[in-house]
Every structure is written in structure tokens, then in C-alpha cells.
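Each of the next two complexes has chain A plus one other chain: chain B in the first, chain C in the second.
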Partner chain A sequence: MNKRQITITSLTLFAVALTALMGVGVVNAAGNPNPFNRLFVPPKERDTALKNDKIHDPSVPGLKLLQQPKEAFAPLPGSIGGNYINWVQALNKGLIKPHFDHLDASKEALSMDLVIVMEVKGSMPNVAFPHKEHTVWLECTNCHDSIFKPLKGANPMSMAEIMLGQKCGVCHGSVAFPVTECRRCHTESKKTAKK
Partner chain B sequence: MADEPRRIITADASKLGVGQNIGFVEKLIHESAAAKQILKSDNPEARAFQEKAIMHLDEARAAEKQGNAEAVAKALNKAKLAIFMGMRLVGGKVVKDKKQENYNKKRHSLESLLAAHKRIRKENESGQDSRDAEVETHTQKRMQEAQAYYDKGELIKAGDVLNNAYLSLKLSLVKLRDGKTLVRSLHFETREDEYRYELRRNDTHNMLINTVLKKKREDPRLGKLMDIPLKEADKLRTEAEQQAGSENYEAAIKTLEESTKHIIRAIRMAGIFIPG
Partner chain C sequence: MSSRSPRFGVLHQSNITMFFFSLALSFMLLAGGLFGSEARAEYGDIVLNNYSDKNGIRPVIFPHWFHRMRYACKSCHSDIGFPFKAGGSKVNMLNIISGEYCGACHNGQIAWSVENCDLCHSALPNTPTQVHNSVLRAPK
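This part shows the complex of A and B:
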């Protein structure tokens, strides 16, 4: 086994370790139907039916009008965690076409292709944050600056914070892929980082 | 794969039956509390949306007579969208509060993006474009204009002006930053900052022990084995905190690094290999 294979294996194992968080349920804010670790549910325990998702009111007759996620998600590319959909791929392939403005279907997203590489201590690869994949869904104002200040060095963070639903954890783990998918963020080899 | 992207929410005639669907939307347009609120209001825009919804409902009924379920679904979706737009215009205090909240949030965000724009423009001094500075002046003027509308209670106009300012600033930011990769080096201003970083790293690994490995630790044999490095880690963490307490951050960092290594050792003992 070469060094690269070892790194990938170790990251996979780390992902498996974090997946075990699923059953533990680290933090569940009382009364919050969309807690940060909602997507940590292990595959065997997943029940995507709208009446059981604890977000929709099962007593509302109109619930029957909504398409069930199982049916809606079937044609979309899969992922190894979260709700098991790779949404970025789905968007890039044109399989979904979300309205950028819910009141104006003609509006298109203005994305920004800026990557921020964040160095980390230890042997874990550095984090590469791609603005492009985020700005095709979100406005700058969604994150700046209520979550992140648009200023170099102003956003110290740790995995502990993220796992507790802060910083990236505001979305990742609740409505975006969870932190169990280490390799989707820790992508930048320490050797290739340019300053 | 379907040719057209599918929407998650659909008025699927097969789920409730076409007639039931039409009845549901009819109630929404004529009998719901919001529909009554539109009727009571003197807001012509909201009334126009309600009229539009009624028109689409009629289209749905006509399509039903022709047995065209797809056209029914489309017309009903348009009817629902129209009535929802109308509802938003007469939403009373809730809508007003939301508009105020959105305005203030966007304004705050715009201020920070404008500050970022100024910083980036100064960083790019070699390739300066006079239009970048003009965008800043334009944004500031539009923000003042928006605030004047806001102060007069004209929230829609205030929001529109702010949105326009936001768009032009965003365009300029994209021009300045697009295609770039910025590396945020791990640089600590002070030893205390580095100590804080190490504390967070130590917390993260401790969190794994207390969550992921909680059940494994309950195994008497494995638990006993894991306890050895974990006790050492605890001891070192306390020691590091004492060192930091006497402002010996350099020693505290080294001690904390050792503490984290012991936690990693315990995690690996439990059969999970994580990078150090």
C-alpha cells in the first residue's frame, strides 16, 4: 500500500468514525426540526417519508400533494452520506434547476470562482473552500458576515465547532453533506498549497 | 432521466385526484384566511394577484374538462404562486417585520462586503481600475437612498434599492476575485493564539472520544486500555492550562500537542485510524 492509499484509507476510516456519531446524536437543539446533525442518520434508520421527517405536519391533507423525496431523488447522482445525493453534481449536470430567486424564475445566479485554502495542523490535508459551488445556490449575504467575516484571518474555526452546528456546521450536517465526508473539504495536499 | 429538471413540489393530479386538487386551490384563493385578508385590504397589487390566481384556476377547470391533467397541474401551480404573491403583500405585521429584518440583514452584509471591496481594491493597487472606486461610491449613495426610503416606511423601495446596490457591488467583487486561489496560512499572531488553536484541536479529538467511542469505552478490556492514554491526555491538558495560566504559552502548546497525541492513540486503539 503506498502513501496515498494510506491517506485515503485513513480518511475513509475517519469518515466511518464520524458516521458513528449518527447513532449518538451529539446535539439536538430542543424544538428545532432541522438540527445540525439531522443528516447523520445511518442508512438503515433513514425514513425519508415526508410524514415522518419531523419537518412536515403529518396531519395536513396537503402533504399528499408533495412529491416524496424517495421518488424525487431517484434520478439524482448518489453520495456516501447525508441524504445520499450529490447536489453539486446534480446541479452541474442540469438534473436540477433551482430558482435563484423564488419570485423571479428568470434570475440567474452570479457565481464567483474563488477558492480559499485553509491550512491545518497535523497530517490531515488542508481545506479548500470553493466559493463557486456555494454561490450558485446562495447569495453572499447568506454567509457574510453573519457566519463568516469577509476578512483574512477573521474566521478561526475547529471541527468541534462545526460538529456543534457552528460555522460550516450551520448548513453541513443539516441541509448539506455532513462532516462525515472529510474528503470533500480536506482536499488540498499540503505540498501543493501555494501562497 | 427526464428531459426537464423536476421540481420537488408538484401539484400531482394522481395523488389527490384532479377534482380534489382544484377544490384545494379554490379554497386557497377564495376561502382561506389570507384570501379574505386580501379582499378586505385596499391593496390593489394584492387584489390583482388574486384576480390572476382566479384566472389560472379557470384555466385549470377548462383543462380538466379536456382531460389534460398536465395542463391542470401547470395552471394550478400558477394559481398558487399568484395567490401566495398576493398574500405576501397583505401579510400585516409578520410580513413587515420580515421585510425590516431582511433589509437590516442585507444592509449589514452590504456594509461588510463594501469594506471587503475597499480592502481588495487596495491590495490590487498595481492593476487598479478607476471603475472599482466608482462602484464603492455608487454603493454608498444607494445605501443612503435605501435608508431614506426605509426611514419613510417604504420598505419595498428600500429593499429594491439595496438589492441593486448589492448586485453592482457583487459584480465588481466577482471581477476582482474570480478565478483566484487564496491560501490562508496557519499563522498565529501570538503564542496565545496558537494555544487557543491547540485547545480547539484537543476539544475536537475529545469530542470523538465522548461520542464516537463512548460505547467502545464501555467494553471493560478495551476501556481499560484506552484509559491509559486518555488519563495521560487529561493530565497533560490540565498541565497545559496551568502553563497557559502563567502565560507560558510556548510550553502550553507543546503540552497540549502531546495531550492530543495521546487522545489520537486512544482512538487508534479502538480500531479507528485518524491522521495525527
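This part shows the complex of A and C:
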């Protein structure tokens, strides 16, 4: 390479890099300062590939063997938070068939159909806790007596407590649907309850 | 004219690769700006780093979503004895190999066995023990 070639090469590189940097600035700052989801990537635009999720190390060769969430979730019914999957519906529709026992695939859950209505002090509707949806995943001893006393009214709790990982928050907010899905628990109108 | 043409010839031939390389670079920069740096792992993904970093191996990622499609919560949280707390069990390679915790299934019979190190030990080094996207923040 002679002097002129080197100059042209470096100038081209510099110009393109400058354009790129300006592009980044334009997109981030001037594009739209008030996007709808300012701090969140909307679910549809989320790139869930394991190599891009920022907790997996993309240099790990084994990543290619692991199932991608997008592929696994494709046939399942959607939801508004968490994994954006309605796991209860997925189970009820038979789209997933989780084994209840890791050694015996034929063993089935002993589900119990009992709804506990909990009165709520604030303006939200009362909470109807369905044992049925919980007992297909869990057995009694998972919650009783270590998390909840098996007695109606014996388990006072607050949303603050739940968000700190106590009571319902042991699962809801970490694995089961998060507390942003208010109306999945707060379902019972107070007017009907007070009769 | 005759003095100009070689200059353009040079520009065209030697810089075309460089041009496309820089173009690719600028797209990468643009993509980096568009999709910030926050983690986008699945809700409920668990990072276990009680011992990994200290022992020079990548921390473990346990994908809750993958396992809950195949097993009810009860089978791991009752039968196998995992507490409802990230990093709350004393799981290590020794008890996995002797069939406890992950080793109850990851034994080469129900699921792939322990020689596939990097299928579990796949997190970026220094990722703290946490439930990803939990309302409870990861300890600093």
C-alpha cells in the first residue's frame, strides 16, 4: 500500500465509524424520547435467544444443545407477564404434561377443589385463592404449615410482604405469574361477598 | 483524466472489502445502541453461584421454564428437597454424583449426566446467585 491508499482507507473507515456513532446517538436520543415502554422491551420485540440473554455465556459450546424458550413457548397460550405464558391454561389444555413424580410417570396429582376467599382491606376486589390450580403442581406440605396455616383467616398478609418474597410471594414474583397480574388473584367483587 | 483514473481504480479495488467491513461494524454499533445491556433471560431462570466462581467454573443456570413444562413443582421441591430459595440448597457436584438434588434425574437415565458440564455451567462468570426477573433483587 502506498501513502495515498493508506490515506483513503483510513478516511473511509473514519467516515463510516463516525456515521455509525451518529446513528447510535440519533436512535437513542432523538428517535423518540417517550417510547411506550421506556424501561422495558415489549414482549413481542424481546430477543429470548439463550446466547443473547446476557446471563448465558455466548462462548459456551453447549448452548447449541439447549432448548430455546421461543421454540418451547410457541404452542402455549400467552399471558401478560412473567414468561408471557399462561401455565395454568397450558396445563388444563393438555399442551404440557408435567410429571407429578420424577420416578413414576403414571402418578397423578391429588387435586383439591376448594376456594378460599380472602377479604381485602383496600379498594381492590377480594382474593379468591383456588386450591385446585395449585394442587395440580404442588402437594399440601409445600405450603402447609410452613408458609400458610391451614385455617381460614389465620394468614394475614400484605402486598408489601408478598413483594418481599413472603407468603404468596415465595412463588408469585419469582416463578409463578408475577404480582403485576393483579386481577388473576383479585377476582371476587366485594359487593357479592358482603351478602 | 489519465491522472485521475488510477486513483479511482485504487479506491474501488483495495477498499471495497474495507468498506463492507466498516459497514458491518457500523451495523453492529447501531444494534448495540438499540438493544441496551440489560439481561433478557427468562423469568424464573435461576443462577447458582455458591461455589462455582470460587472454583474457577462458570456459574449454573437452572431454567425453571424448561423444567416446569416437564415436572410439577412438587417433584423437585418436595421429593428431591430443593427449598423455595435460590442458592438455599447445598447442592454441589459431590451430592449430584451420588444421586441427590440435580443428580436425582441428571444421571444418564432420566436426563443427561454430569459429564456435560457446560450445559449447566453456562452463565457469564461473576453472575450472582439470583432468580432472574424476581421482585427480589440479586444480592450485590
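Annotations for the structure displayed:
What we mean here is this: the second predicted complex is superposed on the first by the 128 of 195 C-alpha atoms of A that agree within 3 Å, B and C clash if a C-alpha of one lies under 4 Å from a C-alpha of the other, contacts with A are read in each partner's own complex, and residues count from 1 in each chain.
As a convention for this text, contacts are C-beta pairs under 8 Å (C-beta built on N, C-alpha and C of every residue); 3 or more make two chains touch, one makes a residue touch a chain.
Because the structure is predicted, anything quoted here is derived from the model rather than measured.
Once chain A of one complex is fitted onto chain A of the other, the partner contacts of A:L65 extend to both chain B and chain C.
Of the two partner chains placed by the overlay, only chain B lies in contact with A:S123; chain C stays clear of it.
Of the two partner chains placed around the shared chain by superposition, chain C is the only one that A:G82 touches, whereas chain B remains out of contact.
By the touch criterion defined above, A:D57 lies against chain C but remains apart from chain B after alignment on the C-alpha atoms of chain A. Residue contacts after overlaying the shared chain place A:N92 against neither chain B nor chain C. Once the two complexes are laid over each other on the shared chain, residue contacts for A:V136 go to chain C alone; chain B is not touched. In the overlay built on the shared chain, the residue A:G173 is in contact with chain C alone; chain B does not reach it. Of the two partner chains, neither chain B nor chain C is touched by A:S189. In the superposition on chain A, the residues of chain A contacting both chain B and chain C are 9, 13, 16-17, 20-21, 24, 61-62, 65-67, 69, 72, 96, 141, 163.
Chain B contributes residues 1-2, 5-12, 15-16, 21, 24, 85, 105-106, 108-110, 112-113, 115-116, 119, 166-167, 170-171, 173-174, 177-187, 196-198, 200-201, 203-204, 207-208, 211-212, 214, 267, 272-276 to its touches with chain A in the complex. Contacts from chain A toward chain B in the complex involve residues 7, 9-11, 13-14, 16-18, 20-21, 24, 26, 61-62, 64-67, 69, 72, 75, 94-97, 103, 110-124, 131, 140-141, 144-146, 149-153, 156, 158-161, 163, 193-195. The touching residues of chain C, counted against chain A in their complex, run 7, 10-11, 14-15, 18-19, 22-23, 25-27, 29-30, 32-35, 37-45, 47, 58, 61, 63-66, 68-80, 84, 86, 104-105, 110, 116-119, 121-125, 127, 131-136. Residues 1, 4-5, 8-9, 12-13, 16-17, 19-21, 23-25, 27-28, 41, 46-48, 52-57, 60-63, 65-67, 69, 72-73, 81-83, 85, 87, 96, 98-102, 109, 136-139, 141-142, 163-165, 169-171, 173-175, 178-179 of chain A are the ones that touch chain C when the two sit in their complex.
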